[in-house]
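Below: one structure, written as C-alpha cells.
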Amino acid sequence: MNASRAAVLAFPGRLASFRREGWPMVPITILAVLALLAIFADVIAPHDPQVGLLGERFRPPAWQQGGSTAHLLGTDHVGRDVLSRLIFGARVSMVVGFTAVIFAGVVGTVLGILAGYLGGWVDQVIMRVTDAWLALPALTFAIFLAAIVGPSEMNIVIILGLVYWTRYARVVRGEVLSLKERDYVRLAIVAGCSKRTIMRRHILPNVVNSAIVLATLMLGVVIVTEAALSFLGVGVPPPKPAWGLMLADGKKGLMAGYWWLTVLPGVCIMLMVLSANLIGDWLRVKLDPQLRQL
Amino acid sequence: MSETDAPLLAVEGLTTHYVSARGTRVTRAVEDVSFTLGDGETLGIVGESGSGKTTLALSLLRLLPPAARTIAGAIRFEGENLLTKSEAELRHIRGKRMAMILQDPMASLNPLFTIGDQVGEPLRVHEGVSRRGAWERARELLGAVRISAPDARVRNYPHELSGGMRQRIVGAIAISCGPRLLIADEPTTSLDVTIQAQYLSLLRELQRAQGLALIFITHNLGIVARMCDKVAVMYGGRIVESGPVRRIFGAPAHPYTRALIESIPKLGDSNGRLTAIDGQPPDPAALPGGCAFHPRCPARLERCAVDRPHDTAVGDEHRTACWLHG
Amino acid sequence: MKRFVIRRVGYALLSLVVLSATFFVFVRLTGDPSVLLVEPGASKADIDAIRADLGLDKPLLVQYAVFVKGLLRADFGRSFYYRTPVLELYLERLPNSLLLAVVAMAFSLAIGIPSGILAAVRVNGWWDRAGKIFALLGLSMPSFWVGLLLILFFSVYLGWLPSSGSGTPWHVLMPAFALGWYFAAAHMRLTRSSMLEVLGSEYIKLARLKGLPEALVIGKHAFKNALIPVLTLAGINLVLMINVAVVVETVFAWPGVGRLLFEGIAFRDFPVVQTTVILGGVMIIVVNLAVDLMYAVIDPRIRYER
Amino acid sequence: MTPLLEARGVVKHFPVRGSLFGGSQKVVRAVDDVSFVIEPGATLGLVGESGCGKTTTAKLVLLLERPTAGEIRFDGESLATLDAEGLRRYRHSVQAVFQDPYASLSPRMRVGSIITEPLVTNERLSAAELATRLRKVLDLVGLPARAGELFPHEFSGGQRQRIAIARALALSPRLIVLDEPVSALDVSIRAQILNLLKDLQRELGLAYLFIAHDLAAVAHMSHVIAVMYLGRVVETGVARTVAVHPRHPYTKALFAAALPAHPDDSRDDIVLVGDVPSPLDPPSGCRFHTRCPQVMMPRCSTDEPQLACVDARDVACHLYDRV
C-alpha cells in the first residue's frame, strides 16, 4: 500500500453537526397541553360545551363578582360554560389545523417535486395554477369555496388544503430546481437511476426538511384562517365550539363589557399560533440554515 | 520616531480569536503573528483554508466580524499603533492610507449607484472634494486603470460593465486616495486564468505607478512566485516560515513549505509522482498540540507533538518555526 | 426590456385565464350551479330561466365562453339582496376600503421599517430580540381579535373612540391599526432580513473599507438596496389589505368591500361573493404586474438581465 | 485497435429559452464541431477557461445531454442508437467525478449507500457481496471500512473526493470523466488525489477524460491534451509536445498566464486583452481573433481555421496555413 492510499485515517469531528441547541420547551409544552386537552376533552371538560342554561347567561369568571366555581371561566350569551367550550375548541383547531396542513403539505410537496424535476409541460401546468391561486388572498379564496360547498369541519379541511397547497408547491419546486442541478443528482443519472428513484431517493429526502418547516409555520396560518372563517360564519357550523365562532358570539357581549368572551378564545388562538410559529422558527434554524432568511 | 527609519507596517505578536456565541469555544484564528513591510514592498501571505490568513487581513484593518477579537499584539502603521485607535480615527486610515481589495471584486460594487459616484466617494469623504471634483477625479482614475472611454463609464451602473472592467474599477477605488498600503485578499480566485493574468499585471502596474506597498493574501504559491518580494507561510493560525521569495522557493526551511512547493505539478515534467502531504488541514477550532503541522509532517521529531517550536532565524531575513532548525 | 414586459404581461393574462377557469370549475363542481346563482327561495320557473340563460345543458366550453364573456363586459350580475348591479355596489365601497388600507399601510410601515432596520443594525441585541417578539405576536394575533381588544379597551373602557361605523377620522383609527398590525410584523421581518442580507454583502464591506462613516454606510449604501424588496411587498400588501380586510371590516362595521363580501355570505348573495373575490384576484394580479414593471425601472439590474 | 471513446464532429447548441412568451430564439454554441479520441487506459486532458465548452463536453460523454449534431462512439458503438440494454452497459462502463466534493454526495445518505448505489441500480447482488465490494473500493481509495457507516458531512473535502472516486469505481468502469476533480480542494490535498488517480489508472487500466482549467495539472495527468476556446478545439496533441512548445496563440497565452512554480521561471508575459466573448454571440472567423496578440491577417476575422497538423500536433490557426 503506498502513500496516497494510507493518507486518511484521522477523521475530523462531526464538522457539520452544531451544538445541541436548547429545545423550545415553552411552546412545546403549550402545544402538548392543548393536544392533551383536545384528546381528553370529554373527560376534562366540566360541562357539555353545546348546551347552556338560559338562567346562567353571561356569568363572569369565578374570581369576579357574580362568578361561581361551577363556571370557572364564566358563561356565554346562552349560558354555556366557556371553559368547556375552550377545551372542545382546542379539539376543533387541532384536528382542522393538523389535517389541513398535512393534506396541503402532501399535495403541494408532491406536485412541487413533479413540477420541479420533470419540468416541461407538467411544470407549466402546475405552476400556472399555483401562480394564479397564489394571487388570490387566501382568506377570500377560502370564503368563496366555503360559500360554494357550505360549512362543515370536513369541508374546512378540504378548503384550507385547496387554498394552501400552492405555498408548498412554490417552495418545494424552487428547491427541487436547485437540487436538480446538484452534482449528486447528475451522478445518480450517470449511475443509471430512473427518474422515479432519483425523485424518491435524492430529491424527496432533501426537500422534506423545508416542507416540515413550512408546515409548522403554516399551522399557525391555517388555524387563524379557520378561526376567521368560523368568525364570519362560513367555517365550523354552530353550535360546535370553535374558537373563531366563540369570538363571533363574544362580540355580542362586547359592548356590555363581557370581556371574557372576547379575550379568552383569542388568547387560546394566540397561544397555539405563537407556539407553532416559535417551533417553526426553531426548526428552521435547526433543520435548514438556508431558510433562515425566509 | 522618524518616519524614514520605521517600516511602513510592523505587526508584532498579533493574536485574534473567535469566540462562539456562548463563549464555550475559542478558535485561535491568528496566533502571535509578526512581520514587517517596507514602502513599495510586496508581501505574500500563503495559507490553505482555515490557516487564518483572511482573519489576519481583517485584523490589520480592524474590520473583524463581531465574534472575533484581537486580544494581543500591535499593528504599527506609519509609526502609529492601529490597535489603540478609535473607530473615528481608523476611518481616516481606511480607504485613505490603507486600502483593501476583496475576494470577489465583482460583487464589491453597489448595484444602485453609478461608477463615478462609487469611485469618487472616498475622495469626497476623506478629502472633502466637491461632488463635481470627485466626478472629475473618478474619470482620471478610470483612465489610470486603463478603462477606455472613462467619460461614458462614470455614468454607467456596475451591471452595465464587463467583469474585467468591474475589477479594474475596484482597483481604481482602492487607489483613489493614494494609499501607502494595499491589501489584496484572494482577489483572483474566482477568475479565469487569462483574466487573472490581466488583473495581476494591472495590480503590479498600479503598485509601480503609486509606489504602493502590497500585501497579497492567497492560497496559490504561483501568485506569490509571480508577484511578491517576501512571503509568509501560515499554518494553523501561525506564520511557520517567512523570508524573501527566492530564498523560500530555493531553500525552504519548514517541511510544510517544502512539501507545498513540491506538491504542485510543474509544466513540462509530467509523469513523475507528485510529493503529496498526508492527512488533512487541521480544524482551526481544534489544533493539534505542539507544532500544528506535526501529524502530517514527514520529518517530525518526538518533541514536535509536545513543544511548540520557536521562531528562529535561518538566514538573512529568513525565519522559520520548526524544531529541525531550533 | 421589451421582452421582459411582454413576458410579464403574458404571465398576468395567463393567470387571469387560470383564475377565471378556477372559478368556473369550482362552481360547476358543486353539481347544479343554478342553486348558487338563483336567489334563495326562488320558484322553479326562476331556476329554469337561469338554467336556460347559462346554457347549463350546453357543453362546458360553451358555458365557459358565456361566463368569460360576462366577465369581459364587466357584467357581474345583480345582487339578490340589493337588487342593483354588483359592480356598482363594489365601486361604491371601494373608496372606503382604499382609505382603510392606506392608513393601515402607513401604520405598518411606520412601525415595521424603523424597527426592522434597528433590529438588523443591532442584530442579536436587545432591539433585535424585542423586534422578534413583536414580529411573532403580529403573526400570531388574528387581526379581528386585535380589533375586538381595541374596541374593548378604547371604546368600552375608555370611551375614547367610536366602536363601529365610519364618517370621522376617528373612525378609521382602530380598524386601520388592527389591519396594519399583522402587516407591520411582516414588514419588520422583511426589512430586517433584507437589511441583514445587504449588510453582509461585499459592497457594504467595501464601503467600510473606504472608510465611510457608519451613518453613510447604513443610510446610503445599505438602506436603498434593502428598501426595494420592502416597498415591493408594501405595494402588493396594499391591495392585499383591501381584500383581507373582511374580518376587520366586519368587526368595526366599516363599509368597505370586505363588509360587502360578508353581507354577501350572510344573505347568501352569491353574485356578490363571486364578484368581490374575482375582482380581488384581478386587482392583485394587476398590481403584481405593475410592481414587477416598476421594479425594472427602479432597479437598473433587471432591465438587462432578462 | 478501436479507441475506447471517439467523438466525431460533436455539436451542442442550447436554445436560450425565453420561456412561454419567448421572443426571438438565441442559441448558445456551447460545443461546436469537436472531435477527439480516448484510448483504453489513457488520459485525454481538456483545458480551457469558463464557457469554453469543456463541461458540456463532459455532459455529452455522460449522456446528461444529447448532441445537436455529430456522433460519440463507445467501443465502436454509437451512443445515439443504444437500446435499453446497451445504455445499461454504457452506464456500467462510464462513471464520473465532479468538482465540488460537497455537492456530489447526497447529504442524507450514508457513505456506504452512496458508494454502492450504482451497484444496487445495475446489478443484483446479495448484501454480503455488496459489503465485500464496498470494502474493496474503500480500500482502493484509502478509506477505512468504517467510513461506509458515516454521513458525508463527517468528512473533509479531500476525503469526500475519495468517496466520490470510490463510487465511480464501484462498477469497475473503463472510463471515468473527471470534471475539475481537484480545483475545489486545498492545495496540500490536491497532490494526494492526483497521485491516487494516477495509481488507480495504472492498476485498473482506467481511461480518463480529465477536465480542468489548471494547465499544469492537466499536463501532468494526461497523455493527450485538447485546448478548447469558445466551443472549439484550437490545439490538440501529445501532452508533452503541447505543454512544452505550444503553437496556437491562445495556448501560448494560456501557458504564459499559468502561474510559475518558481519566481525564476521566466515566461513571456503575454497578457490577453478583454474578456472571453459570450458563446451566445461568438466572433466571426477565428473565434480568438478579438483577443489574439498575433492577429495579423484579414482572413482571421472571416474564415474559420480548421485543425491541421503542425509540428506533430493539430492546430487550428491561420498562422500555420500552408499555402
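For reference, chains read A, B, C and D in written order, and residue numbers begin at 1 within each chain.
We adopt the following convention: a contact is a pair of C-beta atoms (placed from the backbone, for glycine too) under 8 Å apart; a residue touches a chain by one contact, two chains touch by 3 or more.
Being a predicted model, the structure only gives us computed values, none of them experimental.
Student: If you tally the C-beta contacts for A-D and for B-C, which one comes out higher?
Tutor: A-D
Student: If you take the mean of the Cα atoms for each chain, which one ends up farthest from chain D?
Tutor: Result for the farthest chain: C.
Student: At what distance in angstrom does the C-alpha mean of chain C lie from that of chain B?
Tutor: It comes to 51 Å between the two C-alpha centres.
Student: Could you grab the centroid distance between chain A and chain D? Build each centroid from C-alpha atoms only and quote it in angstrom.
Tutor: Inter-chain centre distance comes to 48 Å.
Student: Mind checking the centre-to-centre distance between chain A and chain C? Centres are C-alpha means, answer in whole Å.
Tutor: From the centre of chain A to the centre of chain C is 22 Å.
Student: Check each residue of chain D and list the ones that touch at least two other chains.
Tutor: 20, 156, 158-159, 192, 195
Student: Show the residues in chain B shared as contacts by 2 or more other chains, in ascending order.
Tutor: Residues 276, 278, 280 of chain B each touch two or more of the other chains.
Student: Considering chain C alone, which of its residues make contact with at least two other chains?
Tutor: Counting only residues that touch two or more other chains, chain C contributes 11, 14.
Student: List the residues on chain A that touch chain D in their complex, please.
Tutor: Within the complex, chain A touches chain D at residues 1-9, 11-12, 14-17, 124, 182-184, 186-193, 197, 201-202, 205-206.
Student: Help me check something: in the complex, which residues belonging to chain C touch chain B?
Tutor: 201-203, 205-213, 216, 221, 224-225, 299-301, 304-305
Student: For a test of understanding, state which residues of chain D touch chain B in their complex under the given definition.
Tutor: Residues 49-50, 156, 158-159, 186-192, 194-195, 198, 213-217, 219-222, 239-240, 243-244, 253-265, 269, 271-276, 291 of chain D touch chain B in their complex.
Student: Can you list the residues on chain D that touch chain A in the complex?
Tutor: 20, 62-64, 87-88, 91-92, 94-96, 98-100, 103-109, 114, 117-118, 121-122, 139-144, 150, 153-156, 158-159, 162, 164, 167, 171, 192, 195-196, 199
Student: Quick check: in the complex, which residue numbers of chain B touch chain C?
Tutor: Those residues of chain B that touch chain C are 61, 63, 90-96, 99-100, 102-104, 107-113, 121-122, 125-126, 157, 159-160, 170, 173.
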